[in-house]
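Below: one structure in C-alpha cells.
As written, the chains take the letters A, B, C, D and E, and residue 1 is the first residue of each chain.
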Amino acid sequence: MKKKPNLSKAAPWLSAIGLFVLWELIVRIFNIPPYVLPTPSESIIVGWQFHEAIWMHAVHTLYTTLAGFAIAVVFGVILGALVGSSRAIYDAANPLLVGFNSVPKVALVPVLVMWFGIGTVPAIITAFLISFFPIVVNVATGLATLEPELRDVLRSLGATRTDILVKVGFPRAMPYFFASLKVAITLAFVGSVISETVASNVGVGYLMLSASSKFNMPLVFAGLLVIAVMGIAMYEIFNVIERRSTKWANRGNQTT
Amino acid sequence: QMAIKFSLDWKFEGPAAPYLLAKKNGYFDEEGLDVTIDSGNGSVGAITRVASGAYDVSLADINSLVEFNASNPDRAMKSIFMVYDRPPFSLFMLKKSGITKPEDLVGKTLGAPVFDASRKLYPAFASATGLKLDDVTWESMDPPLREPMLVRGDVDAISGHYFTSILNLQAQGVTKDDLTVFQYKDFGMDFYGNGLLASPDMMENHAEELRGFLRGVVKGWRAAIADPASAIEALKEVDPLIDPALELQRLQMAIDENVVTPDTLENGMGLVKTDRMAKAIDQVALAFGFENKPTVGDVFTDIFMPGAEDRKIK
Amino acid sequence: MSKSFVELNNVRLRYSEGDDLALETTNMKIGKGEFIAVVGPSGCGKSSLLKLVSGLMPPSEGTVIVDNKEVAGPLKIVGMAFQNPTLLPWRTTLDNVLLPMEIVKPHRNRLRKNRAEYEERARKLLASVGLEGHEDKYPWELSGGMQQRASLCRSLIHEPDLLMLDEPFGALDAFTREELWDILQNLWMVRPFTVILVTHDLREAAYLADTIYVMSKRPGKILVERENPLPRPRDQEATFTQPFTDLVHELRSHIRDVRES
Amino acid sequence: MKKKPNLSKAAPWLSAIGLFVLWELIVRIFNIPPYVLPTPSESIIVGWQFHEAIWMHAVHTLYTTLAGFAIAVVFGVILGALVGSSRAIYDAANPLLVGFNSVPKVALVPVLVMWFGIGTVPAIITAFLISFFPIVVNVATGLATLEPELRDVLRSLGATRTDILVKVGFPRAMPYFFASLKVAITLAFVGSVISETVASNVGVGYLMLSASSKFNMPLVFAGLLVIAVMGIAMYEIFNVIERRSTKWANRGNQTT
Amino acid sequence: MSKSFVELNNVRLRYSEGDDLALETTNMKIGKGEFIAVVGPSGCGKSSLLKLVSGLMPPSEGTVIVDNKEVAGPLKIVGMAFQNPTLLPWRTTLDNVLLPMEIVKPHRNRLRKNRAEYEERARKLLASVGLEGHEDKYPWELSGGMQQRASLCRSLIHEPDLLMLDEPFGALDAFTREELWDILQNLWMVRPFTVILVTHDLREAAYLADTIYVMSKRPGKILVERENPLPRPRDQEATFTQPFTDLVHELRSHIRDVRES
C-alpha cells in the first residue's frame, strides 16, 4: 500500500520535466519561431536574466491575488451557506450569480479603475470577483447534498439551523469546499493578472503585456511560468490542509 | 484565384475602410485574388501573424517592424508598401492643464498602453525636444481607458494615434479647442507609419499576386479618398455596429493628415524615401535602445511596388 | 405517573402524497417516566413512530402532543439512538458522544469551561458499554456493535427527559446485550425519564418495559397494549421465572397473529 | 413544505429586477457618467436598437461556447476519472493542471491565432481550456471521497476498476460533477468571449470590444447582459438535468 | 465434502501499523458446501474475518486460501451481505438486487438480452423475503429491516459459490427471521454452496450451521469449533428438541466464558 513513496514524490517533477522536454522538442522539431511559442529553456534563461524585476512583479501579484482570494473565501462561504441552506435564497440568488459569472471580469476592470484608480485595488477586486463563484457553488452543493440521516441526528437534539450548519453542514461540505478552493485560487491568479494587464504599472500581468509589446515572447512565457509556479505553490498548501482536515472523507484511499 | 489572408492592424474603423471598399468593389477579384480581411489587435500582433505565416499580408507600424527585426534578426521581414506617409503619433493634453510646450511635461504623468506606438516612440520625442526620459512617469492602461482618465484628470497627458484619441475625446465632450496636441511630425520627427508586410512565403513565391494586391489596395484608397462615404458603407457592411458619421470623420482625418501628403501627391502611395527612412531608423534605434541599426534596405523593399501610374492618389 | 406525557391522537402518516400509508390511525398515551416498548414486524412503522414523536417529521393527520404542547418541530428534550448508528465520520467516538453537549442547553454554555469534566463523563459512559480505549478512534474504525454502543451513549449523555431507542442492541451478542439492559434499567431507576424502545427482541421488551405495544403489519397500527406485571428491579433471574416466559410467549403469539393476518 | 411555489418561481425575477432597479438608482443618484457605468435601462434600449447584430453575435458566441464546453466535459470527465482513481496520475498531473489553470488563457489566444487564424477555432479552444479544470477537480474529488463501504460492495463481487468507476464512482460523483458543470459553463462563456475580444470579427466579445473602443458603454453592457442571460439559460438546463439525476443526493431537501 | 475450500493459515490482522491486533492468530478449514457460523462478542473481528476471506483486505500475516489459490485480491465467486445494508442510494431496490448480475460473469454478458428474465428472478427473490411491491422504491424509502432483506437478496441473486452473511437477520423480528432461515436452508439444500454466517443469535447458528466457531474477545481468535449434530433438514419443530436446546446452551456457556476471560 505504502509502496514507492519516492516515486510518488518524484511524480510531479517527472511529469513537469516531461512536459518541458516535450514542449522543447516540439518547438525545435517543427522549428516554431520564438514569437509564436518560445522554448521553455529560452523562457527560463530570459526569466533568470530578469529575475529581479520578475521577483518584484511576482510578489505584487501574489499579494493582490491572496487578498482577493481571502475575500472570496469569506464571501463565498457565507453566500454558499445561505444559498445551500435556503431554497428561497437559492432561487433568488442563483440566476444572478450565474449571470454575473458568465461575464468576463476583464470587461469590468475599466469600471473598477474609474472608481479606484490604477493598480492594486482593481486587481484585488477582480481576483475576488472571479474566484468566489466556485466556492459558492461547491459549498452550496455540499450543504444541499447533506445526508438527511446526519441532519436528523442534530435535529433530534433540537439544534438550531446554525448549529446544524456548523456541526454537520460545514464538516460534510469540507471536501466540496476544498475542491472549490483549488479552482478558486487558480482563478484568483487569473483575475489579478488580467486586471494588471488592463491597468497597472506593476505585477506579472503588466510585465507580460510589456514584454509582448517588445516582441519578447520568452519573457511573456517566463511570466506565465512564474504564475503557474505560484499557483501550484498555493494549491499545495491547500492540499496539505485538506489532507489533514478531511481524512475521514478520503479514508477509502488507504486501500487503493 | 489565389486566396490571401489579410490582417488589419486594428479593429474595423474608418481607416480600415479603403481595404474593405477595395474588396467590395472587386478590385482584388480583378487581380485574381480572393482576399479575406480580418480585424487586428495592434501592430505587434499584425507583425507576428505574418511572421508566423498565419496571415499572408498585414498592416503594421514600420517602427514596430524595426523593433521586431532587431529581436529576431534571423527572421527579419520587410515592409513592401507604406500607407501612412506621415504617421499619427501624438500626445494630448487638456488646455486647462497649462501644458503648452514639451518642456511643460516635466514632472507630469502620462497615460497609455505599453504597446501604444506613440508611447513606445516617446524617447525619440523626448530627445528631439530636449527632455529627459525620467522627466515624466507613465501610467499603463487599456486603450479605452486613456481618454476618460485624461478627462477626469487622473493623468496629465496621454499618447495615442491622432485620429483615434481626438475623436474619442470628442465623444467625451472635449473639443479640439479644449486640447493641446503635440503631433510628433511637428517636432522634427520624420517617421514613417503603418505599412503592409507580406509573409516570407508570399514574397518568395507570389510576387505577382502581391503586386496585384497592392494595386487593389491603392485603388481602394483612391476610391475612398474620392468618396469616403462609400468606403464607410463598405465598413458598415462588415461591422453593422459602427457609427458611420464618426468613422467617416476618422477616415477623413487619416486621409488628410496621414495619407495625402506632399510626398504621396508627388510620387504616389507606397514608397519611402531612403534618407528620411534612415533618419527615422536612427531615432527608432535610440527610442528602443538597440545598437546594430538596420539599413533602409533591411526593413523596406519596393520590389513588389506597382508602377507609378497605378500608385497615383488622384 | 401522570398519563400522557406523550400523546398521539389519531395520527396517520404517509411519506408523500399518493403513497400508501406508512402508519395507520394510531393512538397512544405514555406517562411521564414510563418505559414503553414497541414491537412489530419489519416495516410496520416503528421507526416512523419515533420520528413523529420526536418531531423530526410531522404527521399527515392527527396530532402529537408532548409535555402538553403539540409537536410542531424537533423537540429539545429528546435523546435518540437511531436504527443505524449515524455517527459523524469526522469526529472521534468521544467527540461524537459529546455532540449533544454542544447543542443542548444548559450544557452548551458550560461545555467550554467544564470541558474536562464533561469528557470525564463521556469516557465513563463509554467505559460502561465496554468501549474504554476506543474513545479516540473514528467511527469507521469501530465494529458495527461498537458503533451502536457509541450511538447509545450519545443518546444518553445529556440525560434527556424523553429517550427514544430504535433497536439499540440489535448488533450485539446476547451477553453484552443483557449487560446493557441492566445498565439502562439502573439509569432509569435512578432518574425515571420517559423511554420509547423499539425492539425485535421480545425478551428485551419484557425485561425493560412497563408497557408493551404490539403493532400490526404495514401500514402499522397498535393492536395490543400490554402492561408488564413483573416487579422492578428485574434481573437475570427474573428471566427464568414463569411470569416472564409467559409474557414473552404471549407477545410471541400476538406477533404470530399479526403476521398471519 | 411545498408552500408558495409561486413565490419560488418569481424569486429569480424579483431579485433580477431588484438588482436592476438598485443599479439604475445608484447610477442616477451618484450621477455616474455612462462611460463609467451605464444604467441598465440605457443598456437595454441600446441593446434593443442593435438587436439584430447582437442576435447574430450571440448565436455565434453560444455556438463556440457550447462546442468548447462539450469538449471540456468529455476531456474533464476522463481526466477527472484518471486523476481521481489513481494516486500516481494524481501526483503527476495535478501540479501541471493547477499551473496551467493559474495562467490567464487570454495570453494563449495569440498563440492559438498563429495556428488557427482568428475566429471560431481559437474561441472554441479557449472555452475548452478555461472550463475543463473545475470538472477535473470535482470529478476527481467525487471519486476520491467515495465511501469505502460502497466500493467494497462492488469489490466483493470481483468487479474490475472500470466496473467500480461506472457503477459507484460516477453515480456517487454526480453531485460533484453537476456542481462543476455550473462553474464550467460560465467559464466557457468567459473563454469564448475573451478569445473573441482578442481575435475575432464576430461574437459578443468582438461586439463588446468594438463598442468599448467607440465608448459605447451601454452597448458593452448590453453585450454583458446577453452573455449573462445565455449563461443563466445554460445553467438552468443543467439544473433540470441535475435534479432528475441526483434526486437521491438531494433527498434531504424534501423536509426543509 | 473435501475439507479446505476455504483455509486460513496463521492469519493475523491489524488495521494499521502500530495498531493493536484486530484478529489474533487464526486457523480455519471450511469444506466445499459447508455451512459454518461464527459467533463471538462484539468487536472481536468477525466482520474482519469475512473481509479477509473475501479478499477485500489482505491479512497482515499468514495466508488465506480459497479454492486452492491464495487470496490476493477480491474474489469473483463471492456473495456478501454486509453488516450494514450498503444499498446504493441512486438505485431502486430492484436495481440494487440486480447489481451482481451487471458485474459477475456469465450474467453480465447475458443481462442485456435476458433482462426480463433476470428481473423476474430478482422480483421472485424479493417476494420471497416479503418485499413484493417495494421493488421500485429507493433504499432510503425502506425501513431498516427491509433494507437488510434487500441486501440479503443482493448477496444471493447470482448464486455465488461462497456466501458471506454478516448478521443478515439482525434487524428483523423473530418470525420474519425464522422464515428466512428456512428459505436460506432450502436454497442451500438444493445447491450446497459454502456459507460463512456471522451472527449473534445462537439459535440461528444452531439452526443453520454444520459447524459453529466461537471467537474470543478482541483481538479475536477461534476458541471453540463445534460440529452441529442435528440432522437436516431442520424445521421449527427441531428447535424444541433437546439436542437443539443443549447445543444453544453449550454455545451460550462458551460465550459467557469468553466474555469473562
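The rule is short, and it goes like this: contacts are C-beta pairs under 8 Å (C-beta built on N, C-alpha and C of every residue); 3 or more make two chains touch, one makes a residue touch a chain.
This structure is a prediction, so every number in the text was calculated from the model and none was measured.
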### subunit B and subunit A - chains in contact with each
D
### Query
Rotation angle for the CA superposition of subunit C on subunit E, to the nearest 5°?
180
### Task
Tell me, please, which two chains come out on top when C-beta pairs in contact are counted per chain pair.
A-D
### Query
Which chain's centre, taken as the mean of its Cα atoms, is farthest from the centre of subunit C?
B
### Query
How many angstrom between the C-alpha centroids of subunit D and subunit A?
16
### Gap in Å, rounded to a whole number, between the CA centres of subunit C and subunit A
48
## Note on the structure
Taking each chain's centre as the mean of its CA atoms, subunit B sits from subunit D at a distance in Å of 38
### Message
Averaging over Cα atoms per chain, report the distance between subunit B and subunit E in Å.
### Response
84
### Query
Residues of subunit C that touch two or more other chains: which are they?
84, 140
### Task
Name the residues of subunit A that each touch 2 or more other chains.
36, 110, 114, 148, 197, 212, 246, 249, 251, 255
### Query
Listing for subunit B: what residues touch at least two other chains?
48, 52, 144, 148
### Sites on subunit E touched by subunit C in the complex
15, 39-48, 83-84, 130, 141-146, 149, 166-167, 170-177, 200, 202, 252, 255-256, 259
### Message
Can you tell me which positions in subunit E touch subunit D when the two form their complex?
### Response
51, 54, 56, 74-80, 82, 84, 86, 88-91, 99-100, 102-104, 138, 140, 158, 164
### Summary
Listed in rising order, the residues of subunit A that touch subunit B in the complex are 33-36, 109-110, 113-114, 117-118, 197-201, 206, 209-210, 212-216
## Note on the structure
Seen from subunit A, its contact residues with subunit C in the complex are 149-150, 152-159, 163, 167-168, 171-172, 174, 246, 248-249, 251
### Residue ranges of subunit D touching subunit A (in the complex, touch as defined)
7-9, 11-12, 14-16, 19, 36-37, 85, 87-88, 91-96, 98-107, 110-111, 114-115, 133-134, 137-138, 141, 144-148, 151, 175-176, 178-179, 182-183, 185-187, 189-190, 193-194, 197, 205, 208, 212, 220, 224, 227-232, 235-236, 246, 249-253, 255-256
